[in-house]
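In the two complexes that follow, subunit A is the common piece, with subunit B as its partner first and subunit C second.
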Partner chain A sequence: MSSPPLANLQNANKTKEELPLTEIIVITSGKGGVGKTTTSAALGTGLAQKGHKTVIIDFDVGLRNLDLIMGCERRVVYDFVNVINGEANLNQALIKDKRTDNLFILPASQTRDKDALTQEGVQRVLEELKKDFEYIVCDSPAGIEKGAFMAMYFADRAIIVTNPEVSSVRDSDRILGLLQSKTYRAENNQPPIQEHLLLTRYNPDRVDLGEMLSVEDVEDILAIKLLGVIPESKSVLKASNQGAPVILDDESDAGQAYDDATRRLLGEEVEQRFIEKAKQGIFKRMFGVR
Partner chain B sequence: MNTSDTEIELEPCFKLKGSRVTITILELYEYEYATFNDQLAETVRSAPDFFQQTPVILSLERCKDTGFIDFIELGELCREYGLVPVAIRGGSEEQLLSANVAGLPHLPVGAAKPPEAPKKQPEPAPEAPPIQNTVITTPVRSGQQVYAKGGDLIIIAPVSPGAEVLADGNIHIYGPLRGRALAGVSGNKNARIFCYSLEAELLSIGGIFTVDEDLKTSNWKKNIQAYLDGDKLVISAFS
Partner chain C sequence: MAFLDYFRTKQKNSANLAKERLQIIVAHERSTREQPDYLPALQKDLIEVISKYVAISQDQVCVNLEKEGEYSVLELNITFPEEQAVS
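For the complex of A and B:
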């Protein structure tokens, strides 16, 4: 690649063809409450931290969660549905993140339902965002209804957030089937969506006790590439109470796990962690470090 | 074990050369485990010295069956008697697949033909009813259904719990079967189901079925075939 640095391109106000291709990433699961919004906030922030201009869109119309986790709920004036309906333009609705450069949030409406999302409307907004952003992260609602379809329809990649339990794995499997058939890429015979498994709320102790499925069990059933394992961690709740994505807490296990996952998403080789039980480390035993 | 760490240009340690070797061809007319076993044993008994790790090419050009052949089983059997299959020649699409799974490469028809092979008029292909087989190479997921109408269904991927695969003919799954599989759905009672790991929710052949509670009692997670013996659905494991 001999192209000039990105900053120059943007300053020169070049046409879209010369900008890096935008990637649309859907964070989806089927089952509710598995950690989609937590993941959208963390990975979106991670991508922006690494210098990629990123927008996170809340597709969970009617519930509105992302802005709380990002700590920008008081700055929401216009939302995604307003933009789709032409009641506001994108610049009015996009919220610039205060903590992380290159990061924007497009919040959901609390007062509408998911029928307010139309395929043409979503496509129009995505096309407009593509002119400006490298990554568009779509936080999908739970279920396999309209909202979830809208979030996945135009995706290039999908991150399947799964908890290590049978019902979550089953729903993820179901979503994988829909990604292969009910998306723009599938319907237009384009290369399939790239699928990644993100196993969240993983607790190796409970896996050992047989109360949870292991990483291998889940990989075996879903048969897709493992993006990472996010441990069950108190830091997630703490972060959401503070309205700051957990990836900013770089001391925490979950924060580090999301950072690893971001780097893998960007193509880096990063060894998997947080799969084994936290052992009394050999150094601790040898040197008596407490 | 690692002497090349020091970036010294070494003498090349191999070279690829073209060659012609004479190799025995085992021409298969049909395959059925017991008969093949008996006849092979008989042949070996008559010429024991000949069969000492002898490489053979399995020729399927004259094979009557065009359906699934378990080349893993066939290969083991051959090796027991001192024959080592190295490739197949000819054969149907489906046979190529199963040979591939057994690690046997495919030689195009005509390759490695003994030089004295007479140049005959090519025989017209035997009349066979057109068979429409379906090959699936991606996982069949929960909530999905695949139906192979008028032929066999060949799946080279897992079948998830909550998925359903159906065929008028046989069903071959080169992967775990965790969902429901229904072969011979238009009433073909000779249809069979093959899979690499039996973890199914339901198996059905020609409308006769068993569900997972019964399946779990034996052969669970084994490489199996299922077929009908009269009105009884039989499941047998490949060793």
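For the complex of A and C:
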């Protein structure tokens, strides 16, 4: 069993240009339905668009959905569990995205149960992916069971997808606790996982009316760095209907918000948008047309 | 008056209520997160012992373990009821 420090040592021997250090990013939330898979698809695509070789792994064994969101559901032959069990090699299981260069998808198994993911198996696959990829995006299942643990265990960074709603915020805090204690970095006294907040399904109009928690409220409670705010948008459902990550819809507010978030993830300073109430035109104000 | 009530309910801000509730529950859950497993049992035993002498209820005993670098501090906070000991 090879361990990550060993891999880092191997990486260090090569020049930086030849092989940039791979970063493992987990997209997690605790609560279901907040937008983890939408976010994994969008940010993974965003990183690849910016020229970084990226793979998105679906950790939701038994309930895979990343393939549908990415529009490659009919191209799945082998999956993550097949690779772990040695029934297929990585190249057979990786699906090359047809729309975006530098982007690959590793689908989850639809038939096995979550125990099929073993720590050794996951580590082995991640080590192999590290040789080829700059970013490994792990799409976590909901809950705090094995699949979610495996998705976060080897992460360098975590993006906590949160809705401005009480149960989602509470679950996010729970996940933060687990990231700080039940991960490789925590258990081996390494620098902690970098945590980022991504607030999704945000509605500035309702925040203005006092009907929804504001960005500041959620930042106050969770006390982690804000990566971005994705506004509640019709374009998200439209994108999933079409099987194309929403970030490809560069006309849409959600697509632009994900592009901003990708750039921040890469270290760029990008001002927050979509957190202010939309300005209403004079006709809307006079007649209240919706 | 009904129409005044309408304005009053509108003043009540549900987002603020959500924030207050979250701050309380999150702070509580964070404090229990790092505690060892035996703490709830210890708290239960302590309450039993103290109840022999003083009438107290569950929420009047607070057991807290805080880590400060090399050592841990076990903090025991008991609020006595206003009327004194059971005789």
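We take it that the second predicted complex is superposed on the first by the 261 of 290 C-alpha atoms of A that agree within 3 Å, B and C clash if a C-alpha of one lies under 4 Å from a C-alpha of the other, contacts with A are read in each partner's own complex, and residues count from 1 in each chain.
Convention: a residue touches a chain if its C-beta (ideal position, glycine included) is under 8 Å from a C-beta of that chain, and two chains touch if they have at least 3 such contacts.
Computed from a predicted model, the values in this text were never measured in an experiment.
By the touch criterion defined above, A:M212 reaches subunit C but does not reach subunit B.
Looking at the shared chain after the overlay, A:P191 reaches neither subunit B nor subunit C.
Once chain A of one complex is fitted onto chain A of the other, the partner contacts of A:G267 are absent, as it touches neither subunit B nor subunit C. Partner contacting the larger number of subunit A residues, of subunit B and subunit C: C. By the touch criterion stated above, A:G86 is placed in contact with neither subunit B nor subunit C. Judged by the touch definition given at the top, the superposed model places A:D173 against both subunit B and subunit C. The interface of subunit A with subunit B overlaps its interface with subunit C at residues 170, 173-174, 177, 220-221. Those residues of subunit A that touch subunit C in the shared complex are 165-166, 169-170, 173-174, 177, 207, 210-214, 217, 220-221. Those residues of subunit A whose C-beta lies close enough to touch subunit B in the complex are 170-171, 173-174, 176-178, 180-181, 220-221, 223. Contact residues on subunit B toward subunit A in their complex (touch as defined above): 138-144, 157-158, 160-163, 176, 178.
Within the complex, the subunit C residues that touch subunit A are 13-16, 18-19, 21-23, 25-26, 29-30, 33.
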